[in-house]
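What follows are several structures.
Common to both upcoming complexes is subunit A, partnered first by subunit B, then by subunit C.
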Partner chain A sequence: MSQIQVEHLVKEYKRKKNPEGLIASAKSMFRPEIETMQAVDNVNFAIEKGEAVGYVGPNGSGKSTTIKMLCGILKPTTGSVRVNGLDPFHDRMKNNKNIGVVFGNRSVLWWDVPVIESFRLFQTLYEIPEKRFKENLEKFTEIMDIAPLLSVPERQLSLGQKMRCNIAAAFLHDPQIVYLDEPTIGLDTESKASIRRCISKINEEEKTTFIITSHDFQDIESLCRRIILINHGKIVLDDNMQSVKQKFNQKKQIQFEMEQNPWHNGEEFICQGVRVMGTTSHSLKLEYDLEQTDSMKIMTAVAKGSEIQDVNISGRDIEEIIRDIIRKDNHIKRSSDVM
Partner chain B sequence: MKKMKELVRMTFLTKFAYMKAFWFNVLGTGASIVIYYFLWQFVFQKQNSLNGFTMVQMTTYVILSRILSSQFGGGINEELSQWIYEGKIGVELLRPISLFFTLFAKRMGEFLFFLLFKGVPISILCFLILGGTAPAGVLNFILFVLSIFISIVIMFFIEFMVGICAFYTYGYHGLMFTKSALLSILSGGIVPIFLFPKGLAAVLTYMPFAGMVSVPVNIYLGKYVLAESAKFMMLQIVWALVLCLAAHLFYGHVIKKVVVQGG
Partner chain C sequence: MRRLLFYVRLWKGYMRIGFLILTQYPADTVIWIISMLLREASGFLGVVTIAAVAGGLGNWSIYEICLMFSLCAIVEAIGQAFFDNAWGIGHQVRMGRLDVMLVRPASPFIQLLGECFHFQALISMMVYVGLLVFSVLKMNLHVSGGMLLFLAEFLVCGTMINSGLYVIFNSLNFWLVQGNDIAVFVQTCREFAKYPLSVFPLLFRQFFTFVLPFGFVGYYPAAYLAGKMGASIVWQMPMAALCVGGIAFTMWHLGVGSYNSTGT
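For the complex of A and B:
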C-alpha cells in the first residue's frame, strides 16, 4: 500500500450568496441563499514513500483545500484519505507526529516569544530526544540561516524571516512526510535556493516524502520528479516531470550566429521537420519538431553551409507547458458547459 | 505533565510581553473594588447587617468577588474565537497534543499569572487599606483555594464553548462581552446572590456560575457549615464534569464542519 492514498476525494464548500441591494441583503439575513461549490472534485492519487510531488494549479484550483484534507484539519465531504494507513482526520494527533507542515500564509510559532522558545516547546510536545533536537536545530539553523533570529520574538520578524523559521520548525521532529503549501512565498532568491537544496537533500538522504504546492515553477522543477496538476478541483495531469516535458514539448527553437548566412536573401534552408522563423545576414532562427528531427541533425546541416559562431537552443519550459494544458482544459470545460 | 508545564511557561512569557496592558487591567479592578466599597458603605450607614453580612464581611466579599470576577474579561474564549475566525485553528490542530490540552494549559497559565500578579497582591493590598476579615478558619481557607481551582475548570469549559460559537457567528466581540457580563451577574460577582429575588436566588445557587465567585467567597467567610461547603463543592465538581462532556460533544460536532479559513 502506498504511503499516501487518496480516493474519490471531494470537498464541497457552502457559501452564502451575497446579494446586491439593500432589500435583498436584509432578506438574506434571515434566509440566506446558499450555493455549494466543489473545491476538490473526485481527486485520486497515490504517493509512495520518498517521492517528491509538485501539486500545481492556478489560483483557487483546490490545492490548499487538498493539503488541508491530507493533513487532517479539514473533513472531506466524501472520499477517503489514508496516510500510513491512518485516516488523518480521525487519528489526527497520531498522524501529526509523523508529518511536518508549512503553510506559506500561516505560522506555527508563538507570536510573542523568541523563536528558540517555540522550538524548545516543540521539543517537549513532540518528545524529541535532546541529542536529536540539538543536531536538527544546528542543521536547520545553518541551512535556513536563522541563527541571529532565534532570540527574536516572531512578531518582530519580516515575512521571509518568519517563513525560514517556520520551515526549520517543520523539520525538527524528523517527520516522514512534509507538506509545503507555497513555502517560498516572500523569500529572496538566495533563501529560495538554499531551501531547495535542503529539501532535495533531505528527500534523498532521509527518504522523506514531500508534497509541494507553489506558483514558482523553479521550485517545482528543481524539487519534484512528479507533478500533479489540478484545475477547478479536478486532476488534469499526473505524471513524471521528465515525460511531461517530452510529451508536451514537441517544438524547440534553435538560433545560430554565423560569419555569413548563406540562406539570407538566397535559397531557403530546407531540412525535414524544420521551419525557418527568421534570418539576417549573420543569424538564422529555426523551429523544429522533436518527433521528426533533433538538434544534432540540424546543426550538422547548418555547419555544412556556413561557419557557426554560436548556438542557442530554447524550448518551452514547464511553466509554459502547464499554462498551455490549463488553457486547453479550461477551453474543453467551457465548451462542454455550453452543451 | 512536562508538556503542561512548558505550555504554562509559554503563556507566562506571552503575558510578560503585555505587562503594560496588564497593569491597566489591575488598576481597573482596583478602581472597581473601591467603587463597590463606597457603595456598600452607604448601604451600611443605616443598618448594621444585611442578611447576616456585617460591613467588614461585605468589604471582604467585595474585594474577593471583584478580583475573582475580573477573570471573566479574559479566558481562552477570545483566542479560540480568533483562531476559528482567522483560520489559525488549522495550525493549532496540527500540534501533537489535543486542542483541549493546548487551551487548558493556556488557561492554567493565565490563572496562575492572575493569582501571582493580581489575585494575591491586590487582595492583600485591599485588605490592608479597606479592611477585611481573615478567613473563618484554616479549613475554610483550604476549601476556598480548592474551590477556586475547581471553578477554573468550570470556567474553562464554558469559555471553550463560548469560543466555539464564533464558528456560527464569525465574529466574537459580542460573544465576549455577553459572556463577561452574564457571568459577572450570575456568579454573584456584582452583588451577592442572596440579593436576587428569592426564586431566582435559589436557582442561581445551584447553577455552575455560583461556583466561580459565590461558593468560594461564602466558604471563605464561613457562611456555609462544613456539610454545606462539601455539598456545594461536590456540585462544582458535578458541573465541571457535565460541562466537560458538553464541551466535548459540542466540539466533536463542530470540528467536522469547521472550515479552516484561508490558504
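For the complex of A and C:
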C-alpha cells in the first residue's frame, strides 16, 4: 500500500453570501443565504515513500486545502485520506509524530523568545532523545545557515530568516513525510537555492517523502520528480516531470543570427514541420515540431542559404507548459458550463 | 501514566517560555498587576461600601463578604495565571493559528493554554490570600484540617468551574464571528457572584447554581465556611465542576472538529 492514499477526496466550504445593501444585510443576519463551494473536488492520488511531489495550481485552486486535509487540520467533507494506514483527522496525534509541516505564511515558532527555546520545546513536544536532538540541531542549523539566529527572538528576524528557522524546525524530529506549503515565499534567490539543496539532500539521504506547493516553478522543477496539477479543485494532470516536458513540449523555437537573411523580403523559408515566426535582415526565428523534424535538419537547410553566425534553441519551460494546460482546462470548463 | 509525564514535561516547557516572555516586558508586568487588582477591587468596593453602611447584607456580615470575595478572586487569579488563553480562542480561530497546534502530537487544548501565562496573577493572588486569612481571623473561625481540605477542594473545583465556563463560552467562537461578546457578557454576570446570593430572588439564585454555576466559586463555599449552610456542598461542588468540565471538553472538541482554518 502507498504511504499516502487519497480517494475521492472532497472539501466543501460553506460561505455566507454577501448581501447587497443594508436591508438585505439585516435580513441575512437572521436568515443567511449560504452557498457551498467545492474547494477540493473528487481528488485521487497515491504517493509512495521517498517521493517528492510538486502540488501546483493557480491561486485558489485548492492546494492548501488539500494539504490541510492530508495533515489532519481539516475534516474532509467526503472521501478518505490514509497516511501510513492512519486517518490523519481521527488519529491525529499518532499521525502528527511522523509528519513535519511548513506553512509559508504561518510561523510555528514562539514570537517573543529566542529561536533555540522554541526548538527546545519541540524537543519536548516530539519527545526527541537528547542525542538525536543535538545531532539534528547541528545538522539543520548548518544546512539552513541559522547558527547566528538561534539566540535571537523570532520577532527580530527577517521574513527569510524566519522561514529558514521554520524549515529547520520541521525536520528536528526526523519526520517521514514533510508537507511544505509555499516554503520559499518571500525568499531571496540565494536562500531559495539553499533550501532546495537542503530538501533534495534530505529526500535522498533519509528517503523522506515531500509534498511541496509553490508558485515558483524552479522550486518544483529542481525538487520534484512528479507533478500533480490541480485546477478548480480537480486534478488535471498527475505525471512524471520528465514525461510532462516531453509530451507537452513538441514545439521548440530556434533563432538564427546570420550575415544576410535571404528569406527576408524574399521567398519564404520552407521546410517540413517548421513555421516562420519572424525575420529581419540579419535574423530568422522559427518554430518547429519535434515529431516532424529536428534542429540538425533545419540548420542544414538554413546553412545552405546563408552563413550562420549564432544559433539559439529554446523549448517551453515547465511553467509555460503548465500555464497552457490550465488555460485549456479553464476553456473546456467554461464552454461546458455554457452548454 | 507515560502520557501524564509527557504533559507534565510539556507544561514545564511552556511555563519556561512564559517566564522568558515575562522577563522581556517587565513594565507590562507591573501595569498588568495593578489593572487586575483594580478590576477585581472595583466590584468589591461597591459591595463592601453598601455592607459597611447597612452593617451587612442580609444576614451576611462584612467579614463574611470579604471571605466570599477573596475566594472568588483567588480562583479568578489562578485562572488568569494558567488558563487565560481560553480568552484567546476567538483570535486563534479567526487567524487560523489553530493550524499550527493541530499538526503537533499533543492535545491542542493544552497547547492553547500553554501559549499564554500571566504569572503576575500569582502576585495579585497573594493579596487575596491575605484578605482570606484576615477575614477568617476576624470571623473567629476554628482553623481545622477539615477546613484546609475543604479549601483545597474548593481551589480545584472552583478553578474548574470558573475557567471551564470561560472555555465553554469562548468556544462559541468556533461557530460565531463575534463569540467574544457572549463570553464577556458571561464574565459580567459573574459580578453578581460577588454578592451573597441569598439577597436575590430565588430565580436568580437558581440561575447562578444550575445555569451559570458561579455560586460555587464564592457564595456557597463561603456560606459553608461561615456555618450558614450544611455539608452537602462538599459533594455538590465537585459535581458541578465535573458537569462544567464535561461540557467545556465537549464544546472544545466539537469546535475543533468543525474548525475550518482560513485560506492560505
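Convention: the second predicted complex is superposed on the first by the 312 of 339 C-alpha atoms of A that agree within 3 Å, B and C clash if a C-alpha of one lies under 4 Å from a C-alpha of the other, contacts with A are read in each partner's own complex, and residues count from 1 in each chain.
Note that a contact is a pair of C-beta atoms (placed from the backbone, for glycine too) under 8 Å apart; a residue touches a chain by one contact, two chains touch by 3 or more.
Because the structure is a prediction, the values reported are computed rather than measured.
**Student:** Could you tell me whether subunit B and subunit C fit or clash when both sit on subunit A in the superposition?
**Tutor:** Subunit B and subunit C clash in the superposed model.
**Student:** So, A:R92: does it touch subunit B (first), subunit C (second), both, or neither?
**Tutor:** In the superposition, A:R92 touches subunit B and subunit C alike.
**Student:** Shared contact residues on subunit A for subunit B and subunit C?
**Tutor:** Residues common to the subunit A contacts of subunit C and of subunit B are 13, 64, 68, 71-75, 92-93, 96-97, 99, 101, 103, 105-108, 110, 112-113, 117, 120-121, 124-126, 153, 181, listed in rising order.
**Student:** Inside the complex, what are the residues of subunit B that reach subunit A?
**Tutor:** By the definition above, subunit B touches subunit A via 2-3, 6-7, 10, 13-14, 17-18, 87-91, 93-98, 255-260, 262-263.
**Student:** Going by the contact rule set out above, which residues of subunit C touch subunit A in the complex?
**Tutor:** 6, 9-10, 12-14, 16-17, 20-21, 24, 96-100, 102-107, 257-261, 263-264
**Student:** Quick check: in the complex, which residue numbers of subunit A touch subunit B?
**Tutor:** 13, 64-65, 67-68, 71-75, 92-93, 96-97, 99, 101, 103, 105-108, 110-113, 117, 120-121, 124-126, 153, 181
**Student:** What residues of subunit A sit close enough to touch subunit C in their complex?
**Tutor:** My answer: residues 13, 60, 64, 68, 71-75, 92-94, 96-97, 99, 101, 103-108, 110, 112-114, 117-118, 120-121, 124-127, 153, 181.
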